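Below are structures written as structure tokens.
Both complexes below contain chain A, partnered by chain B and then by chain C.
Right after this comes the complex of A and B.
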């Protein structure tokens, strides 16, 4: 056949692959740049910006990052987990109860046990979602209350504690307040990087995207969709446990009266800002990290600007919607052009 | 084919029902090594259900599957692939939000596993970094096939793979099937195009109403005999109405009623459509045909108000279509039956609701629907001969019945011009004949129909006049009655055609 072949695609050119790279990763890069800009701006707003201020942001942001990562994993696989806030309270209360007065080595063993326990518990929630076919939003609303209630049964009053070494791991100091951000940075980077690579490169990790993107097509490709969903909730549970540990390390004591529901909503806001689509199948942990930090960072910035806390909430809400509007405008223009 | 050797795959008494709808009553199928085996039957005969049972997408209610003499009980498509059965399903099994490379990773394959096959299908330079959602359907079907082949299956099952392919692409698929056969592997092939079935397949199993009614050796059989076997004696005689011998009825309207109702004037659209003009008259069925991706999708999107042309005008009854939206177009009487039925139907709602949807659009009827709603809906159901056994949810209907509902929606409301994009794709021969009849009847009643078809042979069956598109322009126009497949195919390739 001598006629032009209608289905051969244009060959990849360097300009083309650059455009594709910016399409795929533009959001991630943009959100990191936004974070850096905000940090630089903040440093000019306050009289002194040094190691202490920096590590305060990192340490305080750790729990937000892990909680957002947990939500991101579940949403990418096509689910939704409203229970993450409750599980955070439960894991930190459990850790506080058992680690109190224990040496460092024991506290680490306990942390590993609690982390695995949280993964199994939340994996069980995922199993109920897949088996019962009750919508995830309903099941995890239930798990939110259950987790919170269990935490209060475990630790009715503020109390318990952890070891000095354990606190150092998440805050760079035995007292939870210090100038050394590095332990927290490592504690964040390693698990997130491992998870991001797993999700982007391996068959089991890519299956999360597959199930979230098109469950039928994933099933026809030989992916065990039910198992993948359960795994996503279990990995989410493990990330939540990390968030719970960080919360405990900063406070030094466990507090089961913290409202898990508002923590859940923070995680939802963070993944939205991080470019994870609620329809599933799209998003990256690498973009969720700065998004969570930016959300955590709103309050210090607004208080440095002298905005009163009630107005600050309004501004925060407007900013989230505004950023998303800009993003969908960019996406819409891109689609129109292509 | 002799039965002396052990079959590669055989089934006994397979049955399956979905709630009240019985898909398969009892099917015995036997595929020998080294044969290309056609699975034929009208839509709703149970072909896709059988394929999905063999691929272990569903379990059969009753019956057994035997592979190489051993009874198997597979759990899921993954295990079926491991057992040596790879399938290209009717619905694409590639994940839209992932790149092709990532899709291969999920199946445990590497790029190098599929490249040899893609080369044979002339797709070797396909960019594997692209997201699946950005790749044309035809290429995806071929990638799906290459992926199935890379699993090195004993049995390859192809469910309607050629429906979305151009004739040359289909030829490449046939070459691969022949090669597979020469390696003493087998292919189970499903297609509505009987010509290609006769060309490529050795034997056929014919399903009717969920049973295997005939097992045929295809050498020395012609299309008419196949049709008879598929439909049963009586129905086959009925479907002759849709055969080439029956001259399309037309020109029953007087000349003054045959005014121009739709006119496209020098339409351009972002380099995909380059100066398309035509006129469509009342009572006329105008066919459009083209190879994949020659601007036909964009043309229909423009006419239905989905896109705004870069330049040029669309006129309905001499009135310029000014604002471009499907809402505007529909209010002017320009209605679309899209290529994908999923785009038109509300899958979870009932047949009645789907049929009545266009009526919801009427201003001034906020509290009560059009007074004669139920009469109109009943009329459409009867006229279209829709099988209403699964009336409560449209998604449970067979493809042919879904398509009837898609067209029926516009019968219930009123329209001037019916735009049909490949209305018979993937539909059985009997329903096809019904749809042809319906379109002709509408035209007789004074409607204008613009129909794109990828199946060249249906153009003379239905249309009065035909346009051939190539590279965003109309390159050929002629009366449909004299349009042979050869002329149309030549024109569709952008080649000089013999004077018609």
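Right after this comes the complex of A and C.
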């Protein structure tokens, strides 16, 4: 990567370092600015923009953010997890099955157990990827099916439930609808910040980037590449469990018939917009969060503009293609110049 | 698998059983179809034991009805996976083509079919332009196309397509009709036609070789004069066309166009190609393998139906088989 270029390090010219800074963080800053602009624009579009609208966006976006974060961790480490959508359905169905009618304290204990279980389960998928050397896209295609089937076994009919306190944790109210966005903001910020710091500042987190950008080089410099990949899938699984909890908290009941594959597709679109490269080793959770929110936020904006949901989907698709075309053309020109 | 490949060569001359084992493994990895045929036969036998009536033309017909659309869609996946691509929009293209054909059915079967197929080609070409010329990642490009089509047709289903979703009788015959005393479905004939086209395309034409070359080593392919973007645009157009063929068959089988027509076939179509030994990284694979993959999935469907397995069990088994078979392949590849 460009960061390793010694001439840039040796001569800290202001012009050079500015260019380097924009190259490294430009996408992150840009995507946050885009989010703020969209929120401000949205607030002028609708007659009343207050706590209710704000918390609706945050609450609804929580699952999208966690799912995108899960995908980002795996892709940065050089993998791809098509199973995330299925695991979301499985975790929320399992939580709905066991939390129904339980007091708050028990539901928290159950949540922790399910979260650890999801991490172990997805870590096992990562283990299969590393041991079998079958392409990750194939293995996780299989895990998508398996998760979806297990979810149906766990909760054959729409139903189950959770405790009031549990719903408050993710939505700011016991009914799932409210004007208090703060619990959801905390629930998003704390895990994402911890994970982002882990990935950006600690050796074990940075090894994700090392393995993602060049597995052989990472292995030769002493990184246990197989373990890093398994860890990335496990961390992904834990994030997916959070997304599953949020889904349950908003709906109030579990639904194992939700199509997991379309949720996976959302997560893939979100990390693309968030600047994570499929080749691995590039990207940041800090940029994925606003990207996921923007994708979720699209529908309310377009419906405020009077566009119906179907057209909104068309516009969303065209925009993703457009962003990707521009991004790959920029990349292509940069490669030609160097 | 590492153990075999690293320690075997010196012992090969002395240790008789190991060398036999090795040569079997080598044979199998050279001809993965043998494994697939064995799996297929085993599945048929197991199904016949559970439900003796299965071993009749009528029993096998039901498997064929399920295998045909998967086989046609998987032909598109195979062609694209050879170029290290994939088409996640193919099921939505199928659904959309069925809507177009149904809408045009009052104008006669020929126009309905031609316009349906034409739509598939146009949508596929759009994918190809994105992937081949603008170098968008195939996963993203085809996902986005799928989203765009879903949005368009969900809206149109209640407006311009409302009340015109019934398929022409000829298409219905193709989709669910049979001949020879109702034993052989017409859709199987269509699949055989598609198979001959794809097999000849991949094996006998320069274009087919270009597909393999591009997936195996894009730089070498470029240096030897292959224009990648042209090959890719055509490949995605063919995939779109095959999607449309499958859409018409599905529409004919159901009798009408419907938004949920083909979506559930997307992952099985990828699975069939993967089970058939096509590498998702490009350059490796045959359509023969994919055909066997589709047949295996078709028989599996019948088996699970006879077992009375619910959707949940089916999905778990499905996923396990996809992972298990591809794991077996990579072991065989490593052993040779």
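Throughout what follows, the second predicted complex is superposed on the first by the 313 of 338 C-alpha atoms of A that agree within 3 Å, B and C clash if a C-alpha of one lies under 4 Å from a C-alpha of the other, contacts with A are read in each partner's own complex, and residues count from 1 in each chain.
Note that a contact is a pair of C-beta atoms (placed from the backbone, for glycine too) under 8 Å apart; a residue touches a chain by one contact, two chains touch by 3 or more.
Being a predicted model, the structure only gives us computed values, none of them experimental.
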item	value
Contacts of A:281 with chain B and chain C, given as first, second, both or neither	first
Contacts of A:189 with chain B and chain C, given as first, second, both or neither	neither
Dominant toucher of chain A (residue count), chain B or chain C	C
Contacts of A:179 with chain B and chain C, given as first, second, both or neither	neither
Touched partner set for A:153, first chain B, second chain C, both or neither	second
Partner chain(s) touched by A:332 [first = chain B, second = chain C, both, neither]	second
Touching partner for A:22 - first (chain B), second (chain C), both, neither	neither
Doubly contacted chain A residues - partners chain C and chain B	none
Chain A-touching residues of chain B, taken from the complex the two chains share	55, 57, 76-78, 81, 87, 89, 91-98, 102-103, 105-108, 122-123, 125-127, 129-130, 135-136, 138-139, 142, 166, 168-169, 291-294, 471, 493-495
Interface residues, chain A side, partner chain C - complex	128, 132-135, 137-139, 141-153, 156, 261, 265, 268-269, 272, 278, 308, 310-318, 320-321, 324-325, 328-329, 332
Residues of chain C touching chain A in the complex	86, 88, 130, 134-137, 139-141, 143-148, 150-152, 154-155, 266-267, 270-271, 274, 279-281, 310-320, 322-323, 326-327, 329-331, 334
In the complex with chain B, residue positions of chain A that touch it	1, 3-9, 11-12, 17, 20, 201-203, 206-207, 209-210, 212-214, 216-224, 281-282
